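What follows is chain A paired twice: with chain B in the first complex and chain C in the second.
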Partner chain A sequence: MSSPALSTGPAEAPDETVSLWRDAWRRLIANRLAVFGLAVVALLILVALVGPWLTPYDFLSQDINARNQAPSLVHWFGTDDLGRDVLSRVIYGARTALLVAIVVTGIALSIGVLLGAVAGYAGGRVDAFIMWLTDIAMSVPSLLLVVVINTSLKPPLARWMDAKYLETLNPVFRETVWIDFVLVFGSMALILWPPYARLIRAQVLSIRSRNYVTAARALGLPAGIVIRRYIVPNALGPVIVAVSAGLGNAMVLESAFSFLGVGVTPPTPSWGNMISDGLRVWRTYPHLLAAPAAVLGLATIAFSFLGDGLNDALNPKQWRK
Partner chain B sequence: MLRYILRRVLIWIPSLLLILLGVYALAFFGAGDPIKLIFMRAPGDVAYDPVRIEAIRQSAGLDQPFLVQFGHYILNLLQGNWGNSLITGRPVWRTISAAAPVSLQLGLVTIVLTAVIAIPLGVIAALNQNSRLDYAILGSAIALWAIPPYVAGPLLMVALIVILPGGEIPYGWGGIFDVRVLLPLAVLSMQPIALIVRQTRAAVIEVMGEDFVRTARAKGVPELIVALRHIMRPVLTPVVTQLGLIMITLINGAIFVELVFGLPGLGRLTVQSTLDSDYPIILGITLIGASLVMISNLLVDLVYPLLDPRAGQARQGR
Partner chain C sequence: MSSSPLLSVRNLEIEVSTRRGPAKVVDGISFDVERGEALGVVGESGCGKSITTLSLLGLLPPGARVSAGFALMDDRNLFTLSRPALRKVRGGRIGMIFQDPMTSFNPVLKIGDQLIEPLVYHRGLSRAEAWERAGELLRLVGIPGGEARLDNYPHELSGGMRQRVMIAMGLACEPPLLIADEPTTALDVTIQAQIVDLVKDLRARLGMSIIWITHDLALVSGLVDRIIVLYAGKVVEEALVDDLYAKPTHPYTRGLLASLPTLEGEETRRLPAIGGTPPDPGRRPPGCPFAPRCPLKVELCERAMPPLEPVDGRNSHRAACWVTTGAMEMAA
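Right after this comes the complex of A and B.
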């Protein structure tokens, strides 16, 4: 770990970085559970990207003659109460799930990186204040907060959008997706950022005072290079692990909010609102609950395995064994 | 020590004030007019009478600016008056204290269950690292973690109804010693158990690689003593440090479990009051929930140095 700090030649440093990641990759591939997680996550991303070309039916098309059908060769996962093909909705739901996971984790991570880095670098009162905010955000009952934000702000926001639409006739204001983006995603990010902020702050604090950073500074390297070559690669490991677990958490959280009626607005298919619809009729049509629940569970497990595998692969402490 | 506790407790005051201010602002600017809400829901006399609404609003002090109203709320709170429910008109404190025992008992039993089940499993998994037993324990922990309580609840319920011949539907509340409580407990403790199993396993594996364990082994301390004295003590730390997180998991889990199994606790009260926009109750529950998490975080910081002496020295040095 300390050897890159001693090397002054620019040619050696990239070599070291590559071997760090190659080493981590080798360890990841050696872990069977992590490979399973990686495969499922890759499949999920693929399905989300090419989903609209994969689905046998349109996710909105309704067939009055084929309502509540059990799984068959025509409809692999059956159909729901409106005669919509469940497999198509599950596939399209992968898009929603991935969108939720990436957007929410992205916002939460950005807030966390910004506040955590500022707290770690500045120290003193700024640090104390930011950590105070973090503690507060972590002690609010999170589900309650999200439900309250959504129930209290959704109607006024929807009214405002309607008024804006009538005023400007701009179709942008008729898309309920924007309300989802601002309120559902925003409130989820609001309860998910504190752990990232804490993690980044701890990373900044511990790496800033390491010997190899001091050595790099003493050699007169510009701050940009010190940050890019020594601080970021060493801080990245735990952050990647946290993000991997965070993506899975965000998906589960969305389904929880859909269950409470404050998730992504229908008719956009999300696994969460499919589960909550399925919960109403599972005694008679269990496949309506089983299909989205199984897929959501599988995705969460995959992200967990991948996160654990990454943790083992990127944690230098365990390399000695 | 006393000064440390005092300082920590004093910080709670501005923290709780800020949290209440946020929720109060949501109620004030977002939820709409509470007087109209009451009127709209009042049975019988539903006539919309602006003059009367204005009169009620003035008498309730709801025509005043935001900060004045919030100040009144806080002053009342300090005198032990939590306000009245907008729907039932009953005092918030009485509504909450009627629901709290159900959730608190469930929560306490869940924490005990978690400790008793999860710690041994985590230790066993770690001592047999990468064996089939380890994979089985870790795999089921991850699976439990991935199944949300609102899916696990109904599924377990139907399984029990099918398996138990002539069994009663496990719905409702009959006290903590009632048989019906078993299913909600199982669902509620699934995620905390999964969390602690993984934490314990990781902690034991990390401790086994520590220098002091190698030293103890090198100087010939019997393996059993090494396990008991050097490995077991640090193992309690993850459980203790996760107490705040477990608290949040429990508070969130209670919402689903109480909804699914029809338990009259704080979780169901939460859902009901948010559906009704019953803000006095929402504020009360927020206050209780946040205080619980803060208290458990303080407990963690007090117990932590007892388990890991290095942490105590770090704090004294600060």
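Right after this comes the complex of A and C.
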């Protein structure tokens, strides 16, 4: 059968089934910067997963005889003012960074997907109300909001957990990480969701009017299936790109909050609170600032390159011009 | 009840909201589709053919609404159905084939995955059963390789193949009515003929009714039993195919037929065209909407809309024209 001139899409081997995703993957690994980004991100994930087995020292153990040492063969990145090994803390910090990035982006994305998809699909007043909410959320100064939430809610929450621990002796209540989860991550997600909601609403709006969505509705498929199988997978491309950039963004944001003292609670090492500590002494011990800052920069750049690569791979029309 | 039509549309009006207020894009259309009948709906772009069929399935785009009339199918008005009931009608009672096979498939799903959805949802088949049935459907619509094609993604099929798959999708649940909205417009001429032959063949085998929307009078002549001609949201002529060709009565129908190329006659003859464009739905003239372009127009045409009058005294052939039906003399 002759194929009309309308035939679109890249030339592919006719007898091999090529899914859109495999096609995108092929374009992604053809892009050098994206491969670099992917490699660094993969390394980061690996280090975050097996970090505790990689570290030469415990990230909390202090050595009073080895304070503020310059980088050496014994301590590759030197030691800090408590004699803790900086390399070990940077490695453990990868875990914190990834946790922050994933949890914060995850929460922000969930809120964004839910509100954005509902607004885009329902339209009308629902759409207007949700977008009004989004505008309000975007208009609140984000640093101020996080500082207010953390300074006003952290102490009472910490007190409540202490009291609860004394009451139950359950070690769960001694973990400060829960406070981080709820307050630090929660407040970060609270300022990061509006762009996701806007992006997803725009995607849903454009895809909702595509022919294949009308065709699916004309077959009598329920709205849930139409959204899940016809709209969401096709809306995903730009969202994946935004998430990739957003992960790096969340890490930087956490550093900024740590610098202001409202980030992850010490002694849990985060690149942010290490940078913040290092800044105070950078004239005398520059390695304390350099090590975490360089790693944070590398990770952010990697996510950014990966995001660009994904954008090219998932939006081939844009890529061709 | 077997003698009652499968679908009766009466006095259908559809309004689209515009900046200048509501505009009637469909203005009092009535027609029947008998059981097993193939009806052609002919008219130029913007005459309301597509939006009429979309309204039957409750798929009107935002801003458009049915403002009057009803559509009876299975003794129920399609316009007042609940959402769940409407979903059962879509795909189950009325199958739909769309114009552009290139954009009417979800690019991330395999052909098979899309083809089985109506079977799983309407018929309650398991995915495995539906997959098997989908393979049969592909063979039914003449796709070589049959079920092997189910694993393909839409972009791996040509336009003609995709249109065949779409027909298979529309027919998956054996709906008694198949609506084809310009299904061949996006295809090249040889493929058009194949698709028309396929639908003809399927109709002979399955016996469903068909509404075939087109702007191509020549294409449907061999396929449909009866044709209604729409102009500016109104039915201007309806007739059995042979009658329409033998005695086109409305000047618009005559113009359409005259502008078809033929194999006979002088090669250098210029094809006649109908001058002008249809009126803006927002500000249609008070009388016959075709009057501004009509070579036969008289003064009455610009004042009053002519009724649909029988031609030669037969109710099967009716046209809405003061001049050619002789309605003017009767009115006078």
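Simple rule for what comes next: the second predicted complex is superposed on the first by the 288 of 321 C-alpha atoms of A that agree within 3 Å, B and C clash if a C-alpha of one lies under 4 Å from a C-alpha of the other, contacts with A are read in each partner's own complex, and residues count from 1 in each chain.
One rule holds for everything that comes next: a contact is a pair of C-beta atoms (placed from the backbone, for glycine too) under 8 Å apart; a residue touches a chain by one contact, two chains touch by 3 or more.
Model, not experiment: these values are computed from the prediction.
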Which of chain B and chain C A:36 touches, first, second, both or neither: neither
Per-residue touch tally on chain A - higher for chain B or for chain C: B
Touching partner for A:211 - first (chain B), second (chain C), both, neither: second
First, second, both or neither for A:165, with chain B first and chain C second: neither
First (chain B), second (chain C), both or neither touched by A:152: first
Which of chain B and chain C A:173 touches, first, second, both or neither: neither
Which superposed partner A:123 touches (first chain B, second chain C, both, neither): second
Which of chain B and chain C A:219 touches, first, second, both or neither: second
Contacts of A:233 with chain B and chain C, given as first, second, both or neither: second
Intersection of the chain A residues that touch chain B with those that touch chain C: none
Touching residues (chain side chain A, partner chain B) in the complex: 33, 132, 135-136, 138-145, 147-149, 151-153, 155-156, 248, 252, 255-256, 259-260, 275-276, 279, 282-283, 289, 293, 296-297, 300-301, 304-305, 308, 317-318, 320-321
Residue ranges of chain A in contact with chain C within the complex: 1-9, 12, 14, 17-21, 123, 209-212, 214-222, 225, 229-230, 233-234
Touching residues on chain C, where the partner in the complex is chain A: 57, 59, 61-62, 86-92, 96, 98, 100, 102-109, 114, 117-118, 121-122, 151-153, 155-156, 158-161, 166, 169, 172, 186-188, 190-191
Chain A contact footprint on chain B (complex, rising order): 11, 15, 18-19, 23, 26-27, 29-32, 135, 139, 142-143, 145-148, 150-151, 154, 158, 206, 209, 244, 248, 251-252, 255-256, 270-271, 274-275, 277, 282, 285-286, 289-290, 293-294, 297
